[in-house]
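Two complexes follow with chain A in common, the first pairing it with chain B and the second with chain C.
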Partner chain A sequence: MNRARAFASGALSVGMAVMLGSAVLTREFPPFDLAVDLAEGIPRSGVAHPITAVLLQFRSYDTLLEIAVLLVAVVVALALRDPTPADESSPESVILDSVINTPVLTSLTMTLLPLMTMTAVYLLWAGAFQPGGAFQAGAVLAALGVLWRVSGRRTGPFAANRWSHVALLAGFAGFLAAATTTLLFGRPLLAWPSSYAGAIIVAIETVLTVSIGISLLGLFASAPAPGDERV
Partner chain B sequence: MSAELWYALVGVVLVAAAFGAFMAHTHLLRRLLAFNIMGTGCFLILVGLAQHERAPDPIPQALVLTGIVVAVASTALALILFRRWFAATGRTTLPEEDDG
Partner chain C sequence: MLTMLFDALLGLGLVVAALGALWSRDLFRAVVLFIVFGLLVALAWIRLQAPDVALAEAAIGAGLTGALLLDAIGHLRRTPRPEKS
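After this line comes the complex of A and B, so read on.
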């Protein structure tokens, strides 16, 4: 790193700090309190936890786009996978260079498998009334998938079956289907009817959990193995 | 100084420091790290500022939760791209026009 570059970036950094800091210190307060509006809206949202209500009821458009971004990232990652055709055909030749083959990890994975599955289901269920929800549950599932993969299993998602691709798509497709079905009944996009909102949100969250878990695992699985210098 | 202002100012320092590091370094991993810290600073400002003299506001929290998932996905994608780039060229930086 040369001196001019270091000096320029230091100056820019200080300038950034001054600008952002003054913006934070001299900000204007909004004339309304969104938290109060939200608290009034909770009873008709179908869930009891405010963050879940924001994610899947009041600002569900954001969540829909988020799962779309995740899907795009995984599709790009899968497209960038090692193109050697022999690897695609047989489940035996899944890239397993990053496997840690010890009995400790293998037995630990077997012990953790039911526990982590249970934790994920609990987190999903808890999202309705306390912190938790599809993203946390999906992250636990993804961690389980990473353990499973690292411990050398030759089955499971992204080995050789097409089901993982279906599961990848299910979250976005299901959410989009639910979002647009409301249009058929003359309601705006994503506006669930109050009486069914709870059930719809639980259904979407369940599909999202599987999809998010598989997507994060897919990002992990499509990274080139360490030491793999093939071009 | 109130607690929420403190969070926001720590976020400002994180963003500014990470911005400087992002400009100063050319190694792709360092840039990715700096970029992630910059994002974390933004999240801290968002969540911190939103609760001035009121109860914590769930709306910025939900937005930040969405942001975290997108940040994780884009970081993973960036790492995959870097690995492919390294495998293809053996370089850890992007070529610069006027590297001097």
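After this line comes the complex of A and C, so read on.
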């Protein structure tokens, strides 16, 4: 039985490797050069960095859907989370076992707080002309939130209150609003005029940063508390 | 020459870290190796001249996923292991 299974999985792996190899060897190159098209489109995209131009201008529909997927994932995670620990009513009962209460972590968190905030803002701002952008800045914010949370500040950036839900929604809602506003002016979806494109992209990236940060932190925060055996 | 040596070492390190993460018996060691793997992948993305992907990989792949996995280990350690039937 075990040998048959090993043989089957081995055969599958070899077959997969052969298929992948032949796909790589016999691939056909498209008759157009996307890099050239992109380089020509940069001046009317509103930003100087090609990756940001692709993410928020030329293929912004994909990014919009990505944000929607992330939002759905966080909403599901929040819905599945254990509702019993009251976040604000009884501060004593919410002290998690996972809290690491050492002076090193506490002071490190306090030292890193301004530095990481500044890094996130810088990454967001840098996205317009060099590597960076909303996802990276949001991830730094989320990492800051994780540190904050692990060092025992439970009711910090991700208490389950109305404001965190607003911040969670703001990215997708703002992006969708910006995407559909163009329809009012008789333009296609997401086709913002190139004279405003830069400002619109920066505005979208700013709300996206906050929302992505809160979303990623929300995924971390909605993990079951240690010792919870009902999972 | 030096860059080729670096790339070869990087590729070797990737495979070693991946195998270590997959085959380690100790879960904590597996997670640490996974984080190492994520950071090496970020380096590889930089070598492939994709710094955007490298940033995202380091922040999300290595950082946040690592934190989540460590959290999961803490959770597993505190719950008694169910008896095998």
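Observations on the model:
The rule we apply is simple: the second predicted complex is superposed on the first by the 214 of 231 C-alpha atoms of A that agree within 3 Å, B and C clash if a C-alpha of one lies under 4 Å from a C-alpha of the other, contacts with A are read in each partner's own complex, and residues count from 1 in each chain.
Going forward, contacts are C-beta pairs under 8 Å (C-beta built on N, C-alpha and C of every residue); 3 or more make two chains touch, one makes a residue touch a chain.
Keep in mind that what you see is a predicted model, and the values were worked out from it rather than measured.
Aligning the shared chain A places chain B and chain C next to each other free of steric conflict.
In the superposition on chain A, A:L80 contacts chain B only, with no contact to chain C. Panel annotation: after superposition on the shared chain A, the angle at the CA centre of chain A between chain B and chain C (CA centres) reads 40 degrees, nearest 10.
In the superposed pair of complexes, A:L123 makes contact with chain C only, with no contact to chain B.
By the touch criterion defined above, A:L38 lies against chain B but remains apart from chain C after alignment on the C-alpha atoms of chain A.
When the shared chain is aligned, chain B and chain C each come close enough to touch A:L216.
Contacts of A:F29 after superposition on the shared chain: chain B is touched, whereas chain C is not.
Touch criterion met: A:A8 reaches chain B, while chain C stays clear of it. Shared-chain residue A:I51: touches chain B and chain C both. Of the two partner chains placed around the shared chain by superposition, chain C is the only one that A:V140 touches, whereas chain B remains out of contact. Residue contacts after overlaying the shared chain place A:D62 against chain B, while chain C stays out of touching range. Among chain B and chain C, the chain that touches a larger number of residues in chain A is B. Distance between chain B and chain C in the overlay is 5 Å (nearest C-alpha pair, rounded to whole angstrom).
For the contact definition in use here, the residues of chain A common to its chain B contact set and its chain C contact set are 51, 135, 216, 219-220, 223-224, 228-229.
Those residues of chain B whose C-beta lies close enough to touch chain A in the complex are 5, 8-9, 12-13, 15-17, 19-26, 45, 49, 52, 54-59, 61-63, 65-66, 69-70, 72-74, 76-77, 79-81, 83-84, 87-88, 100.
Here chain A touches chain C in the complex through residues 51, 97-98, 123, 131-133, 135-136, 139-140, 142-143, 146, 150, 216, 219-220, 223-224, 226-229, going by the rule given at the top.
Taken in their complex, chain C has these residues touching chain A: 51-52, 54-56, 59-60, 63-64, 67-68, 71-72, 74-75, 78-79. Chain A contributes residues 1-2, 5-6, 8-10, 12-14, 16-17, 20-21, 24-25, 27, 29, 33-35, 38, 50-51, 53-55, 58-59, 62-63, 66, 69-70, 73-74, 76-77, 80, 135, 212, 215-216, 219-220, 222-224, 228-231 to its touches with chain B in the complex.
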